[in-house]
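Quick notes on the structure that follows.
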Amino acid sequence: MQAPVPGQLPPVPRVLSAWYVLAETHELRAGAKPLRRSLYGDPIALWRGEDGVAAAVVDRCPHRDVPLSFGQVRGNHLQCGYHGWEFDGQGACKRIPSLLGEADRPGRRVARFEVREQQGLVWVWATPGAEPDVDPHRFLYADKPEYMTVRMQLQADGSLHSVAENALDVPHTAFLHGGLFRKDSATRNRIQASLRRTTEMVECEYIGEPRPEGLVARLLSPSGGLVTHFDRFVMPCIAEVEYGMGTENHFVNAVALTPVDDHVTRLYSVSSLRTRLPTLLVRPVVQPLALRIFQQDAVVLKLQRDSMQHFGTARYTSTEVDLVGPHILRMLNRAASGGQPSGETYTTVVELEV
Amino acid sequence: MQAPVPGQLPPVPRVLSAWYVLAETHELRAGAKPLRRSLYGDPIALWRGEDGVAAAVVDRCPHRDVPLSFGQVRGNHLQCGYHGWEFDGQGACKRIPSLLGEADRPGRRVARFEVREQQGLVWVWATPGAEPDVDPHRFLYADKPEYMTVRMQLQADGSLHSVAENALDVPHTAFLHGGLFRKDSATRNRIQASLRRTTEMVECEYIGEPRPEGLVARLLSPSGGLVTHFDRFVMPCIAEVEYGMGTENHFVNAVALTPVDDHVTRLYSVSSLRTRLPTLLVRPVVQPLALRIFQQDAVVLKLQRDSMQHFGTARYTSTEVDLVGPHILRMLNRAASGGQPSGETYTTVVELEV
Amino acid sequence: MQAPVPGQLPPVPRVLSAWYVLAETHELRAGAKPLRRSLYGDPIALWRGEDGVAAAVVDRCPHRDVPLSFGQVRGNHLQCGYHGWEFDGQGACKRIPSLLGEADRPGRRVARFEVREQQGLVWVWATPGAEPDVDPHRFLYADKPEYMTVRMQLQADGSLHSVAENALDVPHTAFLHGGLFRKDSATRNRIQASLRRTTEMVECEYIGEPRPEGLVARLLSPSGGLVTHFDRFVMPCIAEVEYGMGTENHFVNAVALTPVDDHVTRLYSVSSLRTRLPTLLVRPVVQPLALRIFQQDAVVLKLQRDSMQHFGTARYTSTEVDLVGPHILRMLNRAASGGQPSGETYTTVVELEV
C-alpha cells in the first residue's frame, strides 16, 4: 500500500491476464490506416492486413521510438512512417529500407498481442507475447434474431471499477437520474437483494421490485407485470444489467469495459432487447434516454475521479446497500495480485428500500 | 528547509488557526445550490440551510469521494448528488437512502468548519473540527454612514505573502503603475517611514510625503493639504492602506486575503471613502483606475510566481526600503510553525525617496 | 544512468561550454523592449543598449524574482518593470529607486552571459559568468555575393540530437517525404557512404548517388550531371547538408540548433544557393517545398518525443545505415560529461541502397 500523494490518482488493480475489447470489427478495415489504441495507458497499434487478419503490437518502433500507428499497412505488414521499417503480425522485422542484408534480428522485433475477433468485436490479450488460456466473453443474446441488438461506444473518466460499480448500482438512480427511471419519494418499497459471488462473477437478483417509475419502463411494459432484475459483473470487464417485465419484455444491457488507462474507461455496449413493441418505436426513445443517463453518470464519475486525485486516495465508506461494487473491487484486487480462484461461492440476502 | 525543485513552486507558510473569507453573504442564498470554495488548495462546500444558517464542510462525500457541492440543499441538510446521502451543518450523516437503519456513524461523517458572518462576509476557520479562539477581523469604517464603502472580489496568481507585500509596497508604484498615481522622476522627495511591528500587526507611517501625483489624488484633494499615509498588515490576512488628504478626505482600502491555494490568492476588498466630492462623481473615476492598477499588479504577481516556479525557489534580496514585506513573511512563518506571540514591539525609522 | 520514469522525458546531454544562437541581429533593436529567450530551459533576457551593444543576463531580478525582460531598456541599462532596479551589461546593479546610498552589492547582481554578433546572428555562450575559449561558428557561403542566402527560424519538439539526426539522415526521406525529393521503389540504387569523424565534427560523403528524384532536383539540375552530397555535423549545434549537381549548382543548407529546452529545439537556418537559374524563379518554389518537408519532420519529431516521454526512455536500435546520428549522440555525450577531445579520427565506408 503506497502512501497517498495529493494531486496524484491512487493506484488501481490491473488485471493483465485477460481479454479486452480494443475496437469493433468494422473499424479495422483491411489495408487501411492502423489504429492507435491504449490499454492501461500503453499504446497499441492495431491493423488488418490485406489478407483480412487483424494484428496488434506495442505502438513504438524499436528503431527510433516513433508510434507505428503513424505509418501504414503494406500487404500484411505494418510499415513505420519514419524510415519505412516493416513488421509482420508476429512482430518480426521484415524489411529495413537502405540496409543490405537480413532485416530480422531479436533487437529489431516489436512485442505483439494475441488478437481474437468475435461477435463484431476485436479482443486483445492484455499481456504482450503471452498465449491466452481462456476465450473472450460471449454475449448470450447478441446473435439471437428475436432480439434487437444495439451497439454503442462510450468513454468515462473513471477507473474500470468505478465505472462497473456505477453501471450496476441501484441506489444512485433515484438521485443522479431522478425522474428518468427511478425517483426519491417518501413512499419507498422494501425489497430483497440476493447476492451470489463465485470466483469469476458476482450476481445480484432483486426480489419484489415494483415496475420502475418513469418513461422507459412505462413504454416497455404498459400493462405492468412481474419484474425480474439481475445486476452482474463477469471478471474482469463485463457489466450486465438484465431486466424482464411481464413475459414478453427482456432487456439485457451488457458492457465490455476497457481500461484506456487506470482512470479512463471505454465502454463497448451491447444492448439486446426483446419486446412486443415495434422496434421502430422503441429505438428513437430508448437510445436518447440511455445517452442522457450515461452523460449524468459520466459527470459524476469524473467528479469522483478528480476528487480522488485531489486527495490522492479513494476513501470509500460502503454500507450493505453498496451491493456489488465492493465485491468487484475485491475480485479485481485478487486477480491483479495473482491470487488463484478459490472455487468457493459466497451468498447473502440484503433488505433495502427502492 | 526543502531543496528547491526546478518546475515546482516553493512551499509557503500556512496559517491554519485563523479566519478567512470564503464568500460574501449575498452569494450564499438559503436553500440554493451549495458553493465550492478552496482554502490552501482544499475544497470546501458552503451552503445556507432553509433556516438561514451558513455551514461549511470538507467538499468530499465519505461514501464515494464525490464533491458534496455537486449536490443540493434539502431543508437544512446538504445532500450528495450521487447517492443522496445527507449531512447537517455539524457534518453528521442524517440519511442514507435505500439503507434500513440508522444513517449516522463516525465513519460516515464529514469534517466541518466553523462559520461566522459579519459585515456582509462569510468567514471560515481554516482548521476543520476546531473551535476558534478569536473573532474575525472587523473593518472599522465599513459600517459608518459618512463613508462610501465599495466591495470587490479580485484574484491574483501569487501567494498571500506576495500579494500582501505588493498591496503595501510604495517603491513599485512609480514603475509598475508609472503615471497612474506616482511616477519616476529626477526630482524625488526624501521622506521618513516610521515602522512598528507587534506580534499581530505591522504598520508603517510615511512622514513628509507630498500629495501623490496623478489623477486620483488630484481629484480627491484639488487644494492639496497635509497627507497622512499608513500601510498596515494585520495577521494573517488583512492588508490595509489608509490615506488622509487635507481634513476632509479619508480613504481606507482594506483587503481580506484568502489563500485559494498556496500560490493563488483571492482578494475581498472593502474600500471606505469619506470626501467632500459627490460620490456620484468619484465612483466612475476611482473604480476603473483601481481595477487598472490591480490588473498591472496581477500581471507582475503572476510573472513573479511563474519565475519562482521555474527556478523552484523564492530568492528575495531585500533592502531597507522593502519596508513591510519582510515583516509579513516573518510573522506568517512564525505563526505557521506554531510560534507563540512574544508580546514585544519592534520599531524603526527609515529614510527613503519617493 | 537514471532509471526510466514513464511519463517523463529521458535526460539529454547538455553541452554548456558552447555558443548558441539566441536571436537574429535585426530582432534586437537598440533601446527596444528586451527579448526573453530560453536555453536548456533557463530564461535569458537579451537587450541592446542605446549604444548598440547587445547584452544577456539570467532573466530573473535578484530583488523579487520577476523576469527582467518584463522591464525596459533605459540608456544602456535593463530596468526591472516591478521596482525599477537597473542593471548594466555586466549584470551590476546600477540603481535601486527609493533607496538612499549605493545600489551595487554582490547579492544584488545578476549573472550575465557573453554575447557575440556575427553574420546577422546573436550568439550567447551557454555558461553564465564564463569566458568563451572559442569563436562562434562561421557560415562559409553566407557572405558570398555569388550565392543567394535565405534565413529562416523554425522550431521542433525534439532534442538537439533528434533534430540534428533527422536533418542529416538519408533513409527516412523516401518514406516521410516520399515523392518530395526521394521515393521508395523496387529499383533502388546501391551507393557508398564514406564517413569521417574527428573530435569536433562528423561528415558523411555519399558516392555514386543518382540525382535525387522529385521536383526540387529536377528544377535545380534539369540536365542531370554528377551529384556530390555531404552531410555534416559540427559540434555542438551545426547541421549542414551540402549538395552539388553538375558544375553550376551548389546548395548548402546549414542550421544552427538551439536547445530551447532539453526537448524543444529552435533552428536558425542559413541556406546558401548558387545556381544558373534566376533566383526569382527558384525562391517561390524552393521555400514552400522546404517548409513542407520541415513540417513533416516536425510531426515525426514530436511523435518521437511524445513516445519517449510515454515510455520514459529513448530506446534506439541503430543499424549501419544510421550513419551520422549515433556519432552525434556520442560526441554530445562526451562533451557534456567533460570529456577531452582525443584528436583521433575515425573513418568507415558503408554500402547502402537509396
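Chains here go by letter, A, B and C, matching the order in which they are written, and residues are numbered from 1 within each.
The criterion applied here is as follows: contacts are C-beta pairs under 8 Å (C-beta built on N, C-alpha and C of every residue); 3 or more make two chains touch, one makes a residue touch a chain.
Note that the structure is predicted; figures quoted are calculated from it, not measured.
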Interface numbering overlap (same over half, different under half) for chain A and chain B: different
Fitted rotation between chain A and its twin chain C in degrees, CA, nearest 5: 120
Centre-to-centre distance between chain B and chain A (centres being mean Cα positions), rounded to whole Å: 48
Residues of chain B touching at least two other chains: none
Residues on chain A engaged by chain B in the complex (per definition of touch): 6, 169-172, 174-176, 184, 188, 190, 300, 303-304, 307-308, 310-311, 314-321, 351-354
Chain B - residues contacting chain A, complex: 41-43, 59-60, 62-67, 70, 79-84, 96-100, 107-108
